[in-house]
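What follows is a pair of complexes built around subunit A, which joins subunit B in one and subunit C in the other.
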Partner chain A sequence: MGQLILRRLMTAIPTLLAIIILSFILMRIAPGGPFDGERPLAPETRAALETAYGLDKSLPEQVVQYIGNILTGDFGPSLVYRDFTVTELVAQSLPISLLLGGLALILASILGISAGLFAALRAGKWQDEVLMLCATLLTALPTFVTGPLLALIFGLWFGWLPVSGQGDGVSWLILPVIALSLPVAGAVAKLARAGLAGQLGQDHIRAARARGIAPLTILRRHALRPALVPVASYLGPAAAGLLTGAVVIETVFGLPGLGRYFVQGALNRDYPLVLAVVTLYASLIILFNLAADLIYGWLDPRMREG
Partner chain B sequence: MSVLQLSGFGVDIGEQRLVSDVSLEIGEGEIVALAGASGSGKSLTAITPFGLSAGNGTGSARLGGEELVHLPEAEMAKLRAQKIGFVFQQPLTALTPHRSVRQHLQEAAMQAGGGAPTTRTMLAMLDAVGLADPQAKLAQYPHRLSGGERQRVLIACAIAHGPKLLVADEPTSALDASLRRDMMGLLTGLCRKQNMAMLLVSHDLASVERDADRLLLLKNGEVVEQGSAAQISQKPKSGYGKALMAATPRLTEEMLTLPDTGETLLEVRGLSVRFKKPGWRAGYLDAVKDASLTLAKGETLAIVGGSGSGKSTLGRAIAGLGPVNAGEITWQGDLLPPRKKRTAQHRRLIQPVFQDPVASLNPRWRVADSIAEPAEQILGTRPPEARIAELLAEVDLPAEFAERRAAQLSGGQAQRVAIARALSANPEMLLIDAAPSALDPLVADGVSRLFRKIQQERGLSMVFITHDLALARRCAHRIAVMDAGEIVEMATREELFSTPKTEATKKLIRASS
Partner chain C sequence: MKIPLILVAAIILAALLGPLILPWDHASIDWDSVRVGLLSDGHILGTDDLGRDRLARLLVGTRITVSVALAAALVALVIGVIWGAIAGWVGGRTDEVMMRIVDGLYALPFMFVVILLMVVFGRSIFLVFLGIGAVEWLTMARVVRSEVMALKNRPFVLAAEASGSSGTRTLIRHILPNVAPVAVAYLMLTVPQVVMVESFLSFLGLGVQEPLTSLGILVNESAEAMDVNPAALLLPGGVLVTIIVCLTLAGERFRDRLTRTGRAAESAS
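Moving on to the complex of A and B:
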């Protein structure tokens, strides 16, 4: 297992490097630049700014310099929010996204897995059909529909929960977390149901039944772990997406998370900001896929080999 | 005193009666076998009384005096946990993949309410079922064990709680022929020693005679013959019993004459195949080592060996379906190039019939399309419908089958379609990989008769890969025995059986007789 982790981390380095170089180049190829505002700048000012930020050098030179800086932990200054470094911006907004995404992930797993398992045990009955219909609906509904809808119902009509910004306590988190978790919960429910329903027909379950083991014990001991393999493979990449900021939900509920900075940074051609977020996102994806692989190994020992 | 008693027992699924009026009695230390073709209801009869099938029992089934028919599931589960042990057909999948052998044994030993067994007890349990190196096996997960080892673990689990009755549903049919004898010997030995009753389901009539005290032959859910196993095996009274016995190849039967053979067509010299083992620096596996053989026109060469002996890999290499690392293959003296360089003309010569006929047919295609494909690819034109009907007739299927899809075929019919497909490009040779878990004896016999008929009519050469030595003896001119990747012995069938030279051959012969 230690070997697996080591090997994956080794391959992570060239992967990350490739992602950084590619996004660096793509950003530069995209038309427009960080200093194209509504009011055109005087040519001298622009030239001075470009020299200051090193944008006048050749592209390869810039890439090398950028990577050198990253290695020392310096992600550079933001080209648009000029009073802040990128590190400061990320440090400010990442905790909000992590909190939001982390809670949504937990909620989605609990809801999705329990609904999926229950549906599998009632396979073919009405409870199964209702739950799976809900799951399909939830997966299909985009967050820009469910988010405002929840805000409208629970925030404006009933007035129970705040609809925008960070208030005191935790009540401001409830609606965005729910809205963010619903589509993931739907997908998890479907995967968990399929996983368990597939397991229940297997020979080893019949063998356990033949031994007279109680149905709930069979479920817990013999069926649950292999049934969750597809859930784990979905949750790995989904977690990376949730944690690095849900643009739509952050915008709908007016939360200053990473997702908003990412989109604004891309629109403003704030090169260092976008690159920093891309690097963070890519590292998280790599990390969570590794975690998913380790979880597979625990769920099913056959996957520990080759 | 009888342990299990069925009287007028039947099985219904929904409105349909699938088994009716079975009566039998098994006493302590006795073994009663249910046999019959697939679909005869033998497995249903064996597991329905204990609530393990989708069917409902009718009539009466008593276990030590307690009536099982209509017993609620919770009580049935308790009864199973305390008094019955089960061994199923599929050792490869009947163990839970994420639970170690130790966990399986613990659960099994505690199912009747006993305390947790000590390591010493568990080692003794594994020792009793003949598992080598039990200390190391205890910590293993099932996927690390071979099929035979897994079946031994399952048997250890089945008897861990000291059951009164053992129900064994085709316990050996998924195993290698050379293991079957050992495994049945183990099961029967345990029954006699521990005074357990055993209800055995089997399609292997050749072995039932030795294993069981009494035998019931089932056909379409009804008992057609019952009595002493030895008597039925040697002198069946019913027509069905006679047909079943005749369909089961045995080493003791008379050898039928085979069609004459002609000049040598295929020659394989020094063929080797190696595979890279999975993982980093894991090295290579020599699947086939320095194999040489010849095949004449109209000849059948059987390649026999246990699983993992390399027989299928050798076959695939010859047909140009698998890799070749060294050696050469010639056809009438001309070199056959490696698989990627073989032209349509080369591929026409040797056509394969695969192990699993249903899986080898594309489920979305009509039978006609499957049959037409090789001709289309190799001869360049799609054969007319009449030609497809002809091919279907050659494999004894009606022309209407052209419109069916794979899911609408039985195992035997799918096998026939696969043969028609192999014939459609007019090959000179067939490579037949026989399924390891044999088809139903009647169906299998029908298919091997068909091969003989085709060989006679077309003068085809055949390489027949099987683990069933008795079947090889029945249909092959010569037999090559493979062991650990090497052809250890190759001789005419007469010679091989009268003077076997190597230990591997002798072992196979012992296992099959």
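Moving on to the complex of A and C:
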């Protein structure tokens, strides 16, 4: 197990470095800079600004300096929010995104796994067909349609829940979390159904049934763990989906999370901010893939050696 | 399989022909009726905050979304087929390196890569589909590769080689035509993916730019005014969802049918 983690980290670190270096270079060769306003700046002012932000050094020097700074937790100053460092902005907004994403992941797993298992037990019957059609629908519904729609129905028409901003209590979380979790829940349901349906056809399950073991016991003791392997392997893509979904959901519901800053940063060419968010997101996705591998090994002992 | 495709065809047809019939175009402003509701002053769906006809914008937006999606899917198809065919046909070390690259790219948060590309190279419609196509080819490459590998040792390929056909010729004339059905199935599954990415970007203001419009932009605009005109939100959203759902369903059926008949059994993994 320790070896597996070590080996994964050995590939994760170069991947992460490659992403950082590549996005850094892309950002630097981009036409148009943060100081290109409507009025051209005086050359001295411009030079002073570039020195202050370290933009006058050579590209490799900048990359090395940037990576060194990241390691000490310094993502540089934000070019648009002048009074804040990127680290401060991230520290403010990341908890909201993590809360949102974490709750959505939990909700999606509960909904998806239970729907998928139920469908597999009813394989071929109408319940199966209906649930799987719903799952396909859910995966196809973009969050930027479901988000406003939920806000319209439950926020404006019924007036039950707040539609924007961060209020008191937890009611402001309900709609964003539901909207964010729906596509992931659909995908999880499909995978859980395929996993369990595949398991139920196996010889060892038929043998257990022949020995007269109660269906629920068979499910719990023999079929469930291997059936969830495909779900676990989906954890990495699910994390990526939640992160991109959060970008939209935070914009729709007006929540000050990391995704919203990312969009603002992208629209305003705030390089340090965009770079920091891409780096963070990439490391989160790599972490989730690692977690998926570990859960994989726990669910299916055959994977532990490989 | 039929109903979803007919629905999509009807939407595309309406988007192509509709703007020719309507008296308004998507960008012209009717100063006498700004922000009016359904069925007023000859505007079937009303007008938006700037007095532009909503129906015309919906049809033009659909047209743009669909064409960007098709163009991007074609980019993905071309890159994916070339990459996968070379990896599968040459095999060995080349195959390993090429597929490692694909694995590595899979791990990237690709939506953010597209956004990064948009930020760096400016936001133009051309870059939108080039950027999306450049990140959506990975699955296609994997599928084509495994299909080519499965076909490589079939008797008809050996026969072609025995009768003196060169490697490139065999690949192009004998193998690729047999890969086509599976490639088409995955192309059908790529299009809804791309529709989703394009509208996502446009929704955030990072994709297609005004005065052009797309379904994503329309959803965004109407989400801001949904309390006064809910229909404005339901329509672009509905069209978008219909396109995505129908193409996904049709593509999945098509792929499953291919897999079930055993022709593509190996490529399912």
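Note that the second predicted complex is superposed on the first by the 293 of 306 C-alpha atoms of A that agree within 3 Å, B and C clash if a C-alpha of one lies under 4 Å from a C-alpha of the other, contacts with A are read in each partner's own complex, and residues count from 1 in each chain.
Here, a residue touches a chain if its C-beta (ideal position, glycine included) is under 8 Å from a C-beta of that chain, and two chains touch if they have at least 3 such contacts.
All values reported here derive from a predicted model rather than from experimental measurement.
Undergrad: With the two complexes overlaid on their shared chain, look at subunit A and say whether subunit B and subunit C clash or fit.
TA: Pair status: clash.
Undergrad: For A:Asp203, select first, second, both or neither according to whether it touches subunit B, subunit C, the two together, or no partner.
TA: It touches subunit B, and subunit C stays clear.
Undergrad: So, A:Leu156: does it touch subunit B (first), subunit C (second), both, or neither?
TA: The second partner, subunit C, only.
Undergrad: Which holds for A:Ile110: it touches subunit B only (first), subunit C only (second), both, or neither?
TA: After superposing on A, A:Ile110 lies clear of both subunit B and subunit C.
Undergrad: Taking the superposition as given, does A:Leu59 touch the first partner, subunit B, the second, subunit C, both, or neither?
TA: A:Leu59: touches no partner chain.
Undergrad: After superposition on the shared chain, which partner residues are touched by A:Ile213: those of subunit B (first), subunit C (second), both, or neither?
TA: Touch partner of A:Ile213: subunit B, not subunit C.
Undergrad: Of the two partner chains, subunit B (first) and subunit C (second), which one does A:Tyr281 touch, if any: first, second, both, or neither?
TA: second
Undergrad: Give the label of whichever partner, subunit B or subunit C, reaches more residues of subunit A.
TA: C
Undergrad: Touching A:Ala140 in the superposition: subunit B (first), subunit C (second), both, neither?
TA: The second partner, subunit C, only.
Undergrad: Which residues of subunit A touch subunit C in the complex?
TA: 15, 18-19, 23, 26-27, 29-32, 136-137, 139-142, 144-145, 147-149, 151-152, 156, 236, 240, 243-244, 247-248, 251-252, 262-263, 266-267, 269, 274, 277-278, 281-282, 285-286, 289
Undergrad: For the complex, which residues does subunit B have touching subunit A?
TA: So the residues of subunit B touching subunit A come out as 50, 52, 77-82, 84, 86, 88, 90, 93-99, 107-108, 111, 141, 143, 154, 157, 278-279.
Undergrad: Using the touch definition up top, name the residues of subunit A that touch subunit B in the complex.
TA: 202-204, 206-214, 221-222, 225-226, 299-302, 305-306
Undergrad: Along subunit C, where are the residues that touch subunit A in the complex?
TA: Against subunit A, subunit C makes touches at 104, 107-112, 115-122, 192, 196, 199-200, 203-206, 216, 219-220, 223, 226-227, 230, 233-234, 237, 240-241, 244-245, 248-249, 252.
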